[in-house]
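Each of the next two complexes has chain A plus one other chain: chain B in the first, chain C in the second.
On to the complex of A and B.
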């Protein structure tokens, strides 16, 4: 266990960064395909569910101060099952991490760097992420505190800049196909939102003076992250219509293309993309931290010793997908069939076991 | 004073300090003299003066001091004369320098305030080399040290490092004692602590650590002393030596200690809970912990209206950004993302660049390097010649290069703006840290466009986030975020609103009570 500690506020900001990551670029399209005009409701519902699961993880963290989910799951499930749970989580998170690394590079190809090999972008992002993690979780938290500001500002400013072009008709009709699209979209948003719970499961061990205040800061982190995605979702659908959003690979990028500031300043999508590089980086670094932390705890080694090799193993694996559509499909598959079941272990299995164990302990004590 | 001196002299035999073998003072004057001469060699500035002791001249004594470091007039009038005419050799021999003899010596006319008795010749010689006077008497196995330090010093002048229009003008000088006095003149509190130690095996330089007890974090003082005590070096000639030896991160280009030659700035830093380190022989005083935002603040910010101060801080931040990133942004955008520029500007740049032989990145590097050469030449040369170099530089590099079609006019604008912006940063060391970073960012922009700038920018940020100054995060109060400390960062709130000291620096947060906002008087008629 390292002595590195983060504050409650940093915890909250890291959660916001995990929620926004690159999801704000990709989720509008994915959720629009599933929930059509009901996407905003689906998003709210899905993220509410993700927040709820996070609450269980914090509860478990409070019950095991100074321990990550990898170590306390071994206590609750037994050494072998606990190790297996860690391994399954590692596989799911690593796969998401690989896709994130690929995505970090692919965004730039889409943005016009067509002649530069994708590995340059992905490699540079991973190199930065590795360096950041070598400096430790404290440095990562401080970087996130700074970078979250331009990221949120860019989302808010883009939304404000295009708000006159929003047509209310594009957002209507809601609930015209009943509740089913909302459920479909919410399931996707829920699975995507659940990505953050593993990070929470690791971070609770690093919070300075961990107490019930963690619930509040977790909720705040989720709220601000979700709000950013919601704002972009509403604006993209409002400006382009659901059909167009389903067609675009990165709807917010298309949104940035139509931004006009003071008539003479156009084509700022590149500058916004530069800011959104930050989102890619935070995404990669957070999931790299989660994956390498789980791996190091499973193997009982220091994560700093393996981070460089691990990072570049993931870069090479990230070059495997054929194209961006395959990346997108695999994102959906991994979140639905990897992240979702692994995250649900916390409320469905670990939480009841802990409650039962505590009660049994109390009974034997009395 | 006399009592303390008496007590000091009464102290029993002390151990010789330092690495060299102990050399106790002998009762035979000749032997002592030989040892001193052996140690000091034939240095022409060392004065060895034999004199008879007492009115009957029955005993001998010797006085040793360094010409130029000691006050000769004082030696003659306050020491030599009373020693020759006012001492009783028999009593000195029988009682040494102890007890009543010292009292008698003082009473008979030696009016030196600070005296000491040492039993070790090595220590006595060290003190002679500091400017004190050594008196050895035949038959007395002790050396008498009299503080006669007095040398020519540079007068107190206006600060050259950070001159200001409004506020105190005085600056530190090269004499440590004068510098500590200047600090005492600013802070009359008995809690101001000035602790000293000698560092440097050869130079034996005095280093002082100053702080205000009760405001400073004791852990910071402890840590500073721990680091200072670890230093083993032959010489310390400036605070820069100390800075490099005790900073938290050895390879960072950023200064982790602030330095200034302004007593008011040091006093303000101490009042916020920082520690100051002074070195004898240097007017630059280090203060720590130092934080990133601190380097963008000037003393004048606190003496001018707070609106103006806040505005100027924003201007400096903009200047910092321009000095770091403008050449890179120009290269990145004109090389990769020209479509982001307004059409008129795009055409203007294209027209200016037509006919220039080099790619834009090469042009930027050439101009950047040329500017650094000019700046270096201007700094190192005497003032008059430096100005001439600047004029030649502007004419040759600027006008002639454009007319010859070697570089584009827009590149001259970019380079000039970068140069002027870099001069707007109040701290020279801090501004210098951005020179290699500017170049690195330029290369990143040349190879990867805006993506390269972002990667480079984030890399700088990661590095900054990992830095600490004496344990305090360098990016505080932004990362870790502390809202209460932001009142004196990119803005400066009025003094009546600055109730608390920075919490990152001290646990004694309360600076002043609330409710000091001046009352606004409206509509009151005066008869």
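On to the complex of A and C.
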């Protein structure tokens, strides 16, 4: 077991980074398609659910101090089923990781770097991520502490800069088409928000002085990440209308394109793109950490020994999708049919088993 | 700590270097043709003609004795293609610099093209990474490309003509400014129809002095993305009142019980459009406008210290505004049958399910017959630096 440790605060920041990752660029469109004018409510409901699942994961982590979910799921489900659960999560997270790597490069191409091969951006991001992870989770936590600041600032400043263009009429009507659109949108937000639970399942083993304070820092991490996405969602719909947001691939990028400060200051989207590169990097490095950690624990090897090869493999696979439509569709498919069911194993299977096992243990002890 | 700092430094350097170098996409500004404005028209040989107005920075501000070139500060050229994007590529066949649209400020569309539909060419402006959705859109009476050839003497850089108009229009409120993005949104929406300001080349005009080359007049009205008619200045302002887009402007009218003309300068305005279905099932729109203004000018000696006189001016002002709104309604609702007021949106927000189930499908037939109630509250807050008008021989 590694001796690497992170503080509660770092844990919280890493959660925020995982929630924001590059989701803030793509989720407004996905939710707008599902929930239309009720998107903000769907987002809040979805992330509330994701937070709740995270609470179960922290509870399991507190019951198995120093162990990751890969390790304790073998105890709870038995070695074979536990290993199988680890494998399923590995597949889902790795697929998301591959799509994230592709996305990290695709964003640049869409923003106008059409001559530069996508592998340059994707490859550079992964190389940096590999190098960071070679330094360990502590280095990753410290880097996240620094990079989260410009990321959040960029979201807040873009939103403030375009706020005069927000039209209330674009945000109305709300709650007018029953519960169905909210549920559809919430399912999308829930599945996306659940991406963080695997990271939590690994991080609880790394928190210095793990105690119930982890609940608070987890909630804070989710709250700030969700607020950033909520702000962008409301502003993009308020500025563009639901129909436009449905059409855009990256609504916040379109938002950045129309920022005008004091008439003459325009074209800041390229500057923001540089800052949002940070988001891609954090996204890639976090999911790379999750995937390589699960893999190493399944194979009982050190992740540092395989990280470079793993990164190289993922970059190669990231070049496989044919176009950005395919990437977008596969993001949705993997989130809904990969991440969501795998994450629900924590509250639906692992949590009850642990409760029953503990009760049986108590009974036999008495 | 040392390693950590080194890692951070490297990340920052990588991010900055990616932004500065442009990797494979590196371009020097000298190699770019900076397109100030573009115009789209129907082509003669292919479907679309794209005219570009390129700024020549070396010729800007080149007066007698000044350094730099002596030629015109702009270069206008065009190319045709089956799509707008193909036209851009064709431009490059006689343009030795890459046309760069990142600084483009406005798009002109020709009248003939507007009658056929604009979405096929505007699609590019939203899709392409260089164009911006918030740039201004104008309809040109005649060919759009002709506007780009105008070189009004007032501007050292004729490329700033459209953006100049875009800044002035909200101050005079005689037409409705439009952006590319809003036009696309409105023409794809079922709840409102788009409009845009009209510009035209003028040779000479009796109302003005030296030939200003271009003037803004009227508002173009669309059905979806197709031009179907225009609103004159009075109708345009009526539309602006309903849309709540009046910022400034002057309203002149004859004061009650006198032949005196009074000019009110609008300082503040606000409007609300509410949709209702009354007890008999009739669709009703209630428009409420509240405005404030200053008495900027008067041609006679109306006694402003008289409370009744001041209130009667406000009543006349309110009636004038109502009249402007009515004329806009007559033209757009009854004659052109285009929902430029966004009444559909008002019904959608008030009755979302009914809109989706019934109204949206029948909107084209229902819209011309919707009853509209207009309520205007007008206030004249001050008469600027004088309280009384000058009166001939009135002094002691």
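Observations, loosely collected:
Assume the second predicted complex is superposed on the first by the 366 of 366 C-alpha atoms of A that agree within 3 Å, B and C clash if a C-alpha of one lies under 4 Å from a C-alpha of the other, contacts with A are read in each partner's own complex, and residues count from 1 in each chain.
Keep this in mind: a residue touches a chain if its C-beta (ideal position, glycine included) is under 8 Å from a C-beta of that chain, and two chains touch if they have at least 3 such contacts.
In this text, all values refer to a predicted model and were calculated from it rather than measured experimentally.
In the superposition on chain A, A:190 contacts neither chain B nor chain C. In the superposition on chain A, contact is made by A:278 with both chain B and chain C.
In the superposed model, A:141 lies in contact with chain B only, and not with chain C.
When the two complexes are overlaid on their common chain A, residue A:7 makes contact with chain B while staying clear of chain C. Contacts of A:116 after superposition: both chain B and chain C are touched. When the two structures are aligned on the shared chain, A:198 is found in touch with neither chain B nor chain C. Looking at the shared chain after the overlay, A:72 reaches neither chain B nor chain C. Using the contact criterion defined above for the overlaid structures, shared-chain residue A:169 touches chain C, although it does not reach chain B.
In the superposed pair of complexes, A:132 makes contact with chain B and with chain C alike.
Chain A residues in contact with chain B (one complex) as well as with chain C (other complex) are 112-113, 116, 120-121, 124, 128, 131-132, 135, 139, 142-143, 146-147, 266-267, 270-271, 273-275, 277-278, 281.
Per the touch definition, chain B reaches chain A in the complex via residues 336-337, 339-340, 342, 448-451, 453-455, 458-459, 461-462, 465-466, 473, 475, 478-481. Residues of chain A touching chain B in their complex: 7, 9-10, 108, 112-113, 116, 120-121, 124-125, 128, 131-132, 135-136, 139, 141-143, 145-147, 264-268, 270-271, 273-275, 277-278, 281. Chain A meets chain C in the complex at residues 110-117, 120-121, 124, 128, 131-132, 135, 139, 142-143, 146-147, 169, 172-173, 176-177, 240-241, 243-244, 254, 257-258, 260, 266-267, 270-271, 273-275, 277-278, 281. Chain C contributes residues 3-4, 7-8, 10-11, 14-16, 18-19, 22-25, 102, 129-130, 132-134, 181, 184-185, 188-189, 342, 345, 348-350, 352-353, 356 to its touches with chain A in the complex.
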